[in-house]
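Next, two complexes with subunit A in common: one pairs it with subunit B, the other with subunit C.
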Partner chain A sequence: MKKHFHVKRETVDGYLFILAAMVIFLVFTIYPMVSAVTTSLKDYRPFGSEWVGAANYKAAVGNALFLKSVKNTLVYTVATVPVSLAISFIVALLIMPFKRKTQSLFKALYYMPAVASGVATSVVWLWIYNSAPSGLFNQIMSILHLPAQNWLSSSRTAMLSLIIMSLLGGHGTHIITYIAALMGIDSSYFEAADIDGASFFQKVWYVVLPLCKPTTLFLLVTGFINSFQVFMNAYMMTGGGPDNNTTMIGLLIFNNAFVYGKYGLACAEAIILACLIACMTAVQFRVMGDNVEY
Partner chain B sequence: MKNVHVNMPKSLKKERGTSMMKMKLALISAVISVGILTACSDRTETQVKEESTAASSTTASESVTQKDTLLAKEENEPAADTITIMVPPITSNYVELLDGWIEDYKKDHPNIEIEVTATTWAENTSKLTTMALAGEAPDIAEVDMNMIGPLAEMGVAVDLEQYLDAETLADYDRNSLDYLRQNDILYGLPLYLTIQALGGNRAMLEEAGADIEKIQTSGWTYDEFLKIVAAGTKEGTWGFIFANQGVAAADVVNIFGVSAGITNAFTSDFKYAFTSENMLQLLTAIEDLVKSGYMPNYGIETGQRWAMLETGETMIAGKAMPLTESTIRKNNAGIADGTATEGSIEVEYVFLPTPAMEGVDESCYGIVDGMVPLRNNGTTDQHMKNVCEFLNYICSGERIAAVDDEVMLPSVCESGRQAQANRELEQYENNAAAAARCISLVKVPPVGISSEQTSKASTLMNEVIVPKFQALLAGEVTAQNMYEEICQAAIAEFGESSCEMGRIP
Partner chain C sequence: MRGLYSLHLHNPVICRIRNALIGIFLLLFAAVILFPMIYMVAWSFGPDREMAANSYSIFPGIWTLESYYAFFAKSEYTVRWLYNSFVTSAAVMVSNVIFASMAGYAFAKISFKGSRPLFSLILVAMMIPYQVTQVPLYILIVSRLKMGNSYAALILPGCATAYNIFLSKQFFSSIPSALIESAKIDGASQLRIFYNLVLPLSKTVLAVMAINTFMSNWNTFFWPFLVTSKEAMYTIQVGLKTFRFANGTRLSPMMAGATISTLPMFILFFSLQKYFLEGVTIGAVKG
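Moving on, here comes the complex of A and B:
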């Protein structure tokens, strides 16, 4: 017997419901991605691009500055993401014992920098790092009888300055996520630990940390992704200097695209960056993903 | 008649309600999708309007008489056109001035509409690059001469001589037009030729033994400069500072480069100049200034240099322009009412030429800022003619005189100079004379440099020279090391035969 193709009303409703999301996804995510891949294979010109195959990829990989920017980004990421997670976790643990209202106050305080514009925050940090004796950090150094530092202009301190800047601000989201995770832990685990005579640190190590593992993995993965795409700090604070010691991949891509007009090369570098992020994420899931369920 | 009222079961009512809600939500979702797709369409509002006008005119054309009238009208009246222009704050009131000029222009050209996009200095270049690469550049944009190469390389810059006749172009000084040429093609019209050199505090300079009149009228050697800077360096006061934080380091290399005889990134025989022995001489001089404690070993922000000059934290500051006098005068006036920079002292600003190092003829660094016409997807010949005509209008006569008065510079076109002739500026005579003398010392870049060469030089400046310069200031690389690394990178980019490795003649 011939089967008639029959579309159920519910199916049509379903497709209509996801239509807006699908269109947004296709137009603003898939299309730019495909366009970036095709542009990376061209010598891009507004009127008549030339197909150059893998030339942009070869140019990117063969460029010493690109390799240096990858190294800088890795150093920045490795130095900031784990430490930032540790700080957020500790702060979340410290906030937890307070009453709900006090918790909210702390959460709001820690989240405040996330609301401020990155440019405004950078201007404040520029004043803090001013290399003149009147700079805030240099005044502190002077009180401690230490020599004034050339914070953003010296190769020895420029990257460190960006790392400190990252570590001293912007934990709000992580803290709120950790607090939510901590509140989700059933009190029976702590009662059992108390009966077993566990100390505070033993409870943190054997109960809290394992139960927060999915949250930690999530924050670690998103933290690495965000850190690999970092742009604003280097752009506003150092411009990539001194001696390209703070040039991150994001800044290099921006310069190639919007300063030198080399869209093809910039797209090739962006695709390489996306592949690097995908590899790093796969490694993180491989190493930490056991026993983690969402 | 009796009304029959049927009570629907509750579950059925609920189901129908849910179904209606679903339908509404699905409809909203579909509308959003269509909205997104429409918003992403390339068709602009103007295009839609034009199409709608075309459709109505098709209906009208059914009548032969009406058609004839329309044709006759079209022959007599020029077609409507819209010109877009993007400008940063060339002067503080430039957009207001432009609006007034547009009103005047439209009186004679009622068919032309002009749309102005105001930008900031910070975003002007990146915004223009992005728009140009997308094929949606404004018809006219403000650029400095270094932007001509990238725009020509992208293929969006337009050969101006195809649209403006020789008589019109004869109004402009040939030297300033040459700044806006690439491969011997003229791509823009100049707004002004600005000179960039040094500025100082008269009282401090005199105390350090400087003969200011002699320096302003006949220049100074680098040795004389060094002696005065040494005498002017005291506790709490630097002898000399230069805005050199981040990309501003390029200014030091360019402006102070003329001290060492590097007047352009390329020599007259088109060789890359920053590999010459003159560059080593320049870097060594800067290294010595920092080591001697006459100049800070850290980066100075562009705005910070004026604050340091206003508060007496430095005797000489760079880069400085004649216009700086206006900034310092305003600050002096603000001391009384509390609007001046904190800790300000009364400063009489003196504009100073760049000192000349041993074996170098005195010169001054000058750059031309101009307006360029740009082509887009679907730009027609007639449209470009309209664009170039309007471009010439705003770059000449009373319009350009108003701009040049604001920046305290003489116009670079005859009609502008005539308009400036009867005006008086609030400027010290000695500074005006020193500026005029410096303008006469500016060496025009060699004509015939390709856009590819300019583009490579720009990359070398941003990726090698500027980052290394910060390290030189901090004492982390020596002048010799930095010079060698510049040579290595430049040879890799241009080839040794295209780099000047000896002394610039």
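Moving on, here comes the complex of A and C:
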């Protein structure tokens, strides 16, 4: 007995449309994701890897350097992301009273650093932080009658230097996002506040900030996620030194994998990183997410 | 947004003065933020010389093009690096605009079995940090497929990114289904609907996707650095990084290199500013 399968036209179309993207996605994203889990459970060798169970995870968690890199990443993130949001919010607020054309000009100016690559930016900052007295930052120090610093190679200032670089490095996307949020606030809120006799700062504090909360949460979450994966600055600027004081998780994973060839350990650390990021995001939504409407 | 700032209707001069002060502050702060870029461009016109201990200030004393010559002369591959970056970024951009948008359309507007679980898989993949996949991907491309030092290795993994599929799905979802249904009743195939009806309505989102994809591939360092070991296959970012070590004491050629690597992005930005800025909020608001 023959049975006719009647496959819906829609289904055929659907799969034809997603075919190419899905093949690429499965081979180059899903397969590596699964493989990362299995690799993390192995002592990887090109031929004949051995299953070692959770040994890589134990090694990672028990390793002082890994814990230090987590701490470094956390310090860097906490010092940069919230400050960047505050700066961006203020700048966005200050751009508001201008006419549309002036606003576009400022938006463009503040967004511009974001189009330069990490390598190019790092190359420039390496010179700005030059440890000779003629280095740009050291010239500023001498104007302020402060001693010249070994910015990137002294354990006192290396992390600080990376933080300063991030804070002076442009907040383009944050500013643009905040401006979009501010434009979305209905002016009737301010009319009501005016009737109540609210001052400018009261309006900002009681009206604008609460209404921008979803945006702030979004920027905070994505900011933390991106910052936890940071690799470029430590790799290009300090190499993680001095004394691993600027080794971020991203750099440590890179070193373990591609300098020392410990693929299993690197995968285990990457998966721990993914879990850390997931937990952090969940906590941020818990703490800030109540009474936020989307 | 009106109403936050008082218009000082009784005295418009106060309003003018206030805006002028704010404007001056914003310009000064922008100058600080832009300073590294200004420094980079200014010093790229400096002389190709070793820098004596205290001979450099904010701007070079002599303005010349010799550092650009030096950047191209120091390595026989400089032009090749730019070419590699261009080919890679353009290929990834085109394939994303075609394949990611097709997939996004299917997830948004074609109801087929399995579309929900597959799309959730894409959402999950977007949340996984790249460190998780980097090692297996490296093993796959370089050890298994032996594709190291090839355009395929540079291009293939990014050909349809989860983010672009997600972005286009979000956009296509906002197109009224009635429009597509009526085209179907007229007998149009899905491919025709997509090409003749949906794409023309989606120029902005496609442009944003194209620009963002091109820019992130042009600027990316990590992956090209992993899969290329021959200088001839470097992209400009990888080349710039190796150039750094070869000429660590010469400021101007380094800045010339950094400027050249950034110049295409600046040109794109100034000519297509609207789409760059739109791209920032498209992901944020719709996400």
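Quick note on the criterion: the second predicted complex is superposed on the first by the 263 of 294 C-alpha atoms of A that agree within 3 Å, B and C clash if a C-alpha of one lies under 4 Å from a C-alpha of the other, contacts with A are read in each partner's own complex, and residues count from 1 in each chain.
The definition used in the following text is that contacts are C-beta pairs under 8 Å (C-beta built on N, C-alpha and C of every residue); 3 or more make two chains touch, one makes a residue touch a chain.
Treat the numbers as computed from the prediction; the structure is a model and nothing was measured.
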item: Subunit B versus subunit C as contact partner of A:A20, first or second or both or neither; value: both
item: Partner chain(s) touched by A:D194 [first = subunit B, second = subunit C, both, neither]; value: second
item: Subunit B versus subunit C as contact partner of A:Y263, first or second or both or neither; value: both
item: First (subunit B), second (subunit C), both or neither touched by A:W205; value: neither
item: Residue contacts on subunit A - larger count, subunit B or subunit C; value: C
item: Subunit B versus subunit C as contact partner of A:P46, first or second or both or neither; value: both
item: Which of subunit B and subunit C A:A132 touches, first, second, both or neither; value: both
item: Touched partner set for A:L273, first subunit B, second subunit C, both or neither; value: second
item: Touched partner set for A:S153, first subunit B, second subunit C, both or neither; value: first
item: Contact residues of subunit A, present in both the subunit B and the subunit C interface; value: 13, 17-18, 20, 22, 24, 27, 46, 126, 132, 257-258, 263
item: Residues of subunit A that touch subunit B when the two form their complex; value: 13, 16-20, 22-24, 27, 44-48, 65, 126, 131-132, 150, 152-156, 238-245, 247, 255, 257-261, 263
item: In the complex, subunit A residues that touch subunit C; value: 8, 10-11, 13-15, 17-18, 20-22, 24-25, 27-33, 35-36, 39, 46, 91, 93-98, 102, 104, 106-113, 115-121, 123-128, 132-134, 136, 139, 168-173, 176-177, 180, 182-183, 185, 187, 189-191, 193-194, 200, 203-204, 208, 215, 218-219, 225, 228-229, 231-232, 236, 249-250, 253-254, 257-258, 263, 266-267, 269-271, 273-274, 277-278
item: Complex contact set, residues of subunit C against subunit A; value: 1-6, 18-19, 22-23, 25-26, 29-30, 32-37, 39-40, 43, 51, 53-58, 98-100, 102-103, 105-107, 110-113, 115, 118, 121-122, 125, 127-140, 143, 156-157, 159-160, 162, 165, 189-190, 194, 215, 218-222, 226, 237, 240-241, 244, 251, 254-255, 257-259, 261-262, 265-266, 268-269, 273, 276-277, 280-281, 284-285, 287
item: Contact footprint of subunit A on subunit B as seen in their complex; value: 22-23, 25-30, 32-33, 36-37, 40, 125-126, 129-130, 132-135, 137, 150, 153-156, 245-247, 249, 296-299, 301, 377, 455, 458-459, 462-463, 466-468, 470-471, 473-474, 476-477
